[in-house]
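We call the chains A, B and C, going by the order they appear; numbering starts again at 1 in every chain.
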Amino acid sequence: MSIWKYANPKQFMQTSAWALRWLVPLTAVLMVLGLVWGFFFTPPELRQGSTVKIIFLHVPSAMIGINAWLMMLVASLIWFIRRHHVSALAARAAAPIGATMTLIALITGAIWGEPMWGTWWAWDPRLTSFLILFLFYLGYMALWAAIEEPDTAADLTSVLCLVGSVFALLSRYAVNFWNQGLHQGPSLTVAQKQHVADAYWYPLMICIAGFIAFFVTLVLLRTRTEIRARRLQALLARERMG
Amino acid sequence: MIALFLRDLRLAIRAGGGFGLGLGFFLIVVVLVPLGVGPEGRTLSLIAPGILWVAALLACLLSLDRIFALDHEDGSLDLLATAPIPLEGVVTMKALAHWVTTGLPLTLASPVLALLMNLPGPGYPWLMLSLALGTPALSVIGTFGAALTVGLKRGGLLLSLLVLPLYVPTLIFGAELVKRGAAGQAVATPFLLLAGITAGAAALLPFASAAALRVNLR
Amino acid sequence: MTPPAAALAVTDLAVSRGGLPVLERLRFTLHPGRALILRGPNGSGKTTLLRTLAGLQPPLAGFITAPPETIAYASHADGLKATLTVAENLAFWAQIFGTGDIGAAVDGMNLRGLLDRQAQNLSAGQKRRLGLARLLVTGRPFWLLDEPTISLDVASVALFAEVVRSHLAAGGAVLIATHIDLGLPEAEVLDLAPHRARAPAAGGLMGAFDEAFL
């Protein structure tokens, strides 16, 4: 049996039900542990005080925001090549989660940026690319929503995801280039990762693991919902057929 | 394939508004900006490259939904899909016709509007060059968006939402080329990147557009 | 017109619309010089079948064999441009299909007097005749016609039948979905009712949905 047996909807429902039994508690434990440790049991930072603690939300959500799109790209390719329905539905299920995570990253970034840089928003390359990524998510979801025939929608959104990925990457480089052209100032957010002290490092890793588990849980749940919706549609269509 | 291109041009001319509408829109946006921003010459010349590029981009966007919609309604698209020319060729010709009816007139009219925006003298050749180089990419990317949304009832709004993020790199490099040209700085980098985007989009996107059309015609 | 080397053959074909099977177990062969009329109520899948044969959508199951680039498809819509003249409309399709000559088509559909008129100024019947003349300029032997006689008057229907007959005589073949009597007594009739897709429980095929989700 190959890995593709899990692409069968029935098999997927069974496997995901089993996986969710473990994933839900794991997510809860990791998130609670990581966030409580991060928020309440870490020392305040010398310069930034306790505002730095938003890192425990900001960094994981930003990571998920980007990687959700990558996951959608892989799922779209699988749909394109092997035409597994579950794959297309998983891509659809991941989009709103990725968009929300991107939004959380933008909002927490603004909240963090205000005390640190004195502004809620700067047209920094990183921030700008995230905003553009958010726009790509919006377009992708709007296309899914606009097309009634599910297979057509899956095909077209896959094409969009593929082309969008190329252009998102291009935009990332274009934005880097563009901002250099405007002001040569130091990149404001790059430094944080190299200067994370151990006291922050461990809870941060737990938070990241927690967010990943959270993402996987949500994608599985939403994919299950999509599969049920499709099954309902199939049953209704069958009924009309007589 | 040339026949398809010529037919689209002829249709644009006969229908009227094919050339004029985009140009008029371009003009109006450029007139509105100083009314909003204020008449001060220095401010205007500072934002001129960006405004001219954004206005050109919006003018391009305006006519995108008509690329395939009319042919879809009257059944020509079905017939073209069963004709001996490849669908990739059809979308390329459509994009080319769209460029000739929008991008090209915008490029030619841009110096006049640059005058209104107080663009510094050295910027003029770069403005025309950047538009000549960049607007084909806008047409090709727009054709892709139009192919994705061809059968949809409320396609127009969705089309903008899909296409505008894809326009980001072209806009950045195009406006940057004008900005640097106007300021007398080195222009090689944005010039080459803009040319690269246009070449890459024209070479690869027709395959995606044709794939999307095939799905939509099913 | 070059006669086709082989016939258009359909083997165990099933077609689907919107992921649901509509027709199944279709099996027929259209030989050069023959006409086949598809009959069935609205929604029975005539248009879906024609679109599948034309290659616009993939079949759900089965095979279609035909020599390459021999099928000309005419849908309900004529594919005419309102602002182009009759001659321009025809010349465009002639160029697309690489045949170039529109004279025979113009005479065949009796359009000689209308050549310089814009398509938007034609009556419904004249438009339809122009749409059918388009088939003549494709130079392809197999015609798939979807309700070709909508909005044609009796005389035009007779003219249409004449065009079809001469096409058959020249080695072509036609597949027509229609409700009315075309005055083509030599045509065979294929009733689609027995080919209606059965529910999977009754031994029918699974649609794209069902296969994956039931």
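Some notes on this structure:
The rule is simple: contacts are C-beta pairs under 8 Å (C-beta built on N, C-alpha and C of every residue); 3 or more make two chains touch, one makes a residue touch a chain.
Quick caveat, the model's predicted, so the values are computed rather than measured.
Taken chain by chain, the contacts link every pair, so each chain touches all the others. Nearest to the overall CA centre, using the mean of each chain's CA atoms, is chain B. The most distant chain from chain C is A, comparing centres defined as mean Cα coordinates. By number of C-beta pairs in contact, A-B leads over the other of A-C and A-B.
The distance from the centre of chain B to the centre of chain C, with each centre set as the mean of the Cα atoms, comes to 37 Å. Each chain gets a centre from the mean of its Cα atoms; for chain A and chain C, those two points are 48 Å apart. Chain A and chain B, compared by their mean Cα positions, are separated by 32 Å. For chain B, residues that reach two or more other chains under the stated contact definition are 218. In chain A, no residue reaches two or more other chains under the touch definition. Chain A makes touch with chain B in their complex at residues 132, 135-136, 138-139, 142-143, 146-147, 152, 155-156, 159-160, 162-164, 167-168, 170-171, 173-175, 177-178, 181. Those residues of chain C that touch chain A in the complex are listed here as 18-20, 197, 199-200, 207-210, 212-214. Residues 51, 54-58, 69, 71-81, 83-84, 88, 92-93, 95-98, 134 of chain C are the ones that touch chain B when the two sit in their complex. Those residues of chain B whose C-beta lies close enough to touch chain A in the complex are 144, 148-149, 152, 154-155, 158, 161-162, 164-166, 168-169, 172-173, 176, 179-180, 189-190, 193, 197, 205, 208, 211-212, 215-216, 218. By the touch rule above, chain B contacts chain C in their complex via residues 2-4, 7, 10-11, 14-15, 73-76, 78-85, 217-218.
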